[in-house]
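Each of the next two complexes has chain A plus one other chain: chain B in the first, chain C in the second.
Right after this comes the complex of A and B.
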């Protein structure tokens, strides 16, 4: 057991514990925070595999942006735990079947020979000037450029759709017209009245 | 160095010895960065109080001194403040979530300090010279928000919660503009390594700095940096006139001080990054005799101090933004500007070789 193994087992243990915590703790805020911990430890594991770009992007995108919004929503919502528990046993068989199917699917991949040690040997240590980012960029923009563009367009469509859903034209809305605000001149607002100074009667 | 490494290897065996040796050296380097940084933070608070005082025609702190030396009056103030904060009681509100309440300040200061690992201080002086340095810094600075959100939620107070919500929305919005501005920088330098970014600005004079071709990005990055650190005029997360002190309203003593330290460490970080990416880092403004004899580290310090002065100046000058105006500036002004600039840079990079080798493009591309 060398240093790297210890780090690997440590990260794996934390990852599994926090992932279990996500689905078992009662408080949804704790659950979201444990998911953050799971992401960070997962990034640590990816760093061990010398996939530094993916690891840092995982932290940047999921921890830095997605989970912040998640926490935002979870904290804002007034979550009633008893209401959430209603109908748990009613839906349990359906959920159980879905879970079972997923476990079987994962097992089929894991215990098939696709990921055995012979098929997937440990990555060779890269030279010092090897840049993970550059390699990924090269593959992404040459070999997989269409898939990449397609994914980008899909995201754009989703974004436009999300904005379109919230865009409602209302008659009585009171929003500010920034251009109007900025173009206001002194003469529009201010009337200068010339007043002679009063003399004190004394 | 090598004899110490051999000593480690004798004690712990070859493999463990070298591992423990690198651990020990790294911890030493970390201390060598963090201790001056925290001293810098302490004296930044002093500088802030003094500078704002002079801007408002006051004197500022001028009492606490060392050993009664008269011309050091005021210079003991940050030390006195730190000692005072250490002595104070940390009050944990009854309704607060104790664990998260304590965790929040730690989560705030952790990324503020961790980001310094990849910051180069001169051509050779860097703790971790990693390829994806810029990405690492983006990832670390984006984690700083957790401390604020958790502090607001764990305090179990309306004011704190409002501050946390405001801060979360603001940081997420400005991070996008910040990230796009950095995309421009890495398009220019074609590298994510901070050392390479500075080296890309070499060439003999300040005309080669990325400040000139990326001037709008410089403004966007710096202003987003001010917003990201929750400094005035973007300090709606604290907003003392509206929500008392925002997310840290329930914190006292050292727990509050940790938030305070993190804010100032982040300020120094943003100033350092701006200096590295736009102002040529440790490069002198003109590569001629008296200027290039000054060590690069001093040049970097001068640039950082110059940018930090702006932070303080902003605070003394501008009134706080209204919340909808903050959102408008982030989403409707900064993000379009950065997107246009990325397209412009891309077009310039696609110009024929002959044109790119002509003045003025040959300065930067």
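Right after this comes the complex of A and C.
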């Protein structure tokens, strides 16, 4: 067992343990933190596969941005855990059987020879000056420009949809319109009513 | 290393619609609430422009561009023109309905155009990546459209269910695609097909990928046993959106199955044939039997969709030109019928009143004999009674199935559609033999009046003279494979 294998098994063990933790711990904040750990170890595995750009992006985007946002949301929401877990044991036998059948089925294929090292050999290591990032940059705007542009459209749809679903023009909102305030004139606010100076006693 | 810019000509209609979506968005901002008809007209003009661009570039030849990610063939052109026509009809039908319910916003038109773009991308995808992105573009727009009426709890719930199950299905699809990629080493549909033919890649790995792909596809097609979302979404969404979900995306789903299963994994036909048979039989059984018990017309039509998707899948089982072209014929006629029947449901609704129950059709013949007659034509067609086009579509699919040697399957399909005839004919009985519960006349705009009449008559005329549409379907399939 060489050094690379040891790293691989170490990262894999941490990855599986943290992934199991994500779905078993009770506290959603711990769950989110364990997911961060899973992402980081996964990035380590990708580094072993010489996909350094993807590994760094995973850490930067998922861990740095998405998961932090996620943590904020989880901390801000008041999640009633007992209500979420209601009916868990009632449905456990059915769900358990279905899950077991699926696991056995997938395992039968996975542990056959179809995914063995002979069938799926490790890729040839690239030369030392080979840059993953450069290669990606080369094809992203050329060969994959169509898919790239469409992905951008997808983000535009997400933006339009988010605004359409959440923007509200509330009638009772109490925000100030500074321009209106500045340009206000005396006539707009003040009403001069002429009244007799003193009332007659009746 | 040198890179040549791709040929943009085949993708002109896609580029045009994308530019126009942005224009529609900006124009709507300027036009504002009071002049929203400008947005509406601009959207219709966009669809017309797309139809023109696609029609001009129409040819029987197959062209690839964008490094083989985009394909323009006869099937793509024909399906795209059908999509434009369908979306345009959806907009005409739903304009009044949408305005009365306060969701006539600029976003409504934008999202519909984005969904149309997604369908176009799916239709002319020749790469797993574009296939998937097109699907997501369509699905994301649909989720948002369902939730657009955000003060309605049922609509929000429907959108939530649609979103969660749709995301799950996308996950299935991606997992399957990654397996196929692992086995064949390519995402180009043509290369995948080539690799499988040459025996590259482990067969078992391909089959496990195929299982996930078929599961994902049947989610999107709403075929049983992956149909759970359809009734809830059809019921919960505003009827105009249900009309949209039930019509145009089915054309794109047909293209999706053609590209993925037939063109990409066509060599594995013996593997997917069995899976499709199970899906088809289950869909026809679940759809037709569950529809009988429904009292809500939208739920009933959702189950009817499920059973029709079963019939559509039958067309793929025979795995030959004849079968594919009859499936294409089936999906086109299905879209025509769905447009008509949901438009009718919308016409019965008014502001403040949703026609949602089957009993709302009671006594329609006394309220408006012409609309009742059109509904009669549509119902007969959905049930598959001659001389309507629905009969001919079912016949063509059954012929293909019998030719492929699955006689028991054809017999089962006939029995299930006989069961299905009950709930279609029940509506006819309500319309003609029951006393109306409401007496108000049905008032609609004249464009809707003309379109619904054309729609109803087309169901009859195409049923009597199906040759032209059948020939078009055969032409599309033959020139694309």
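Following the convention adopted for this analysis, the second predicted complex is superposed on the first by the 142 of 202 C-alpha atoms of A that agree within 3 Å, B and C clash if a C-alpha of one lies under 4 Å from a C-alpha of the other, contacts with A are read in each partner's own complex, and residues count from 1 in each chain.
The rule is short, and it goes like this: a residue touches a chain if its C-beta (ideal position, glycine included) is under 8 Å from a C-beta of that chain, and two chains touch if they have at least 3 such contacts.
Please read all numbers here as calculations on a predicted model, not as lab measurements.
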item	value
Touched partner set for A:147, first chain B, second chain C, both or neither	second
Which superposed partner A:115 touches (first chain B, second chain C, both, neither)	second
Touched partner set for A:101, first chain B, second chain C, both or neither	neither
Touched partner set for A:158, first chain B, second chain C, both or neither	second
Partner chain in contact with A:48 - chain B first, chain C second, else both or neither	neither
In the complex with chain A, residue positions of chain C that touch it	3, 6, 11, 18, 25, 66-67, 69-70, 105, 107, 110-111, 114, 117, 121, 127, 129-130, 133-134, 136-137, 140-141, 143-144, 147-148, 150, 182, 202, 204-205, 208
In the complex, chain A residues that touch chain B	2-3, 29, 33, 36, 52-53, 56-57, 59-60, 63-65, 68-69, 71-72, 75-76, 131-133, 176, 178
Interfacial residue positions of chain A with respect to chain C in the complex	106, 109, 112, 114-115, 119-120, 142-147, 150-151, 153-154, 156-158, 160-161, 163-165
Residues of chain B that touch chain A when the two form their complex	15-16, 19, 100, 130-132, 135-136, 138-139, 142-143, 145-146, 149-150, 153, 161, 164-165, 168-169, 171-172, 175, 192, 324, 328
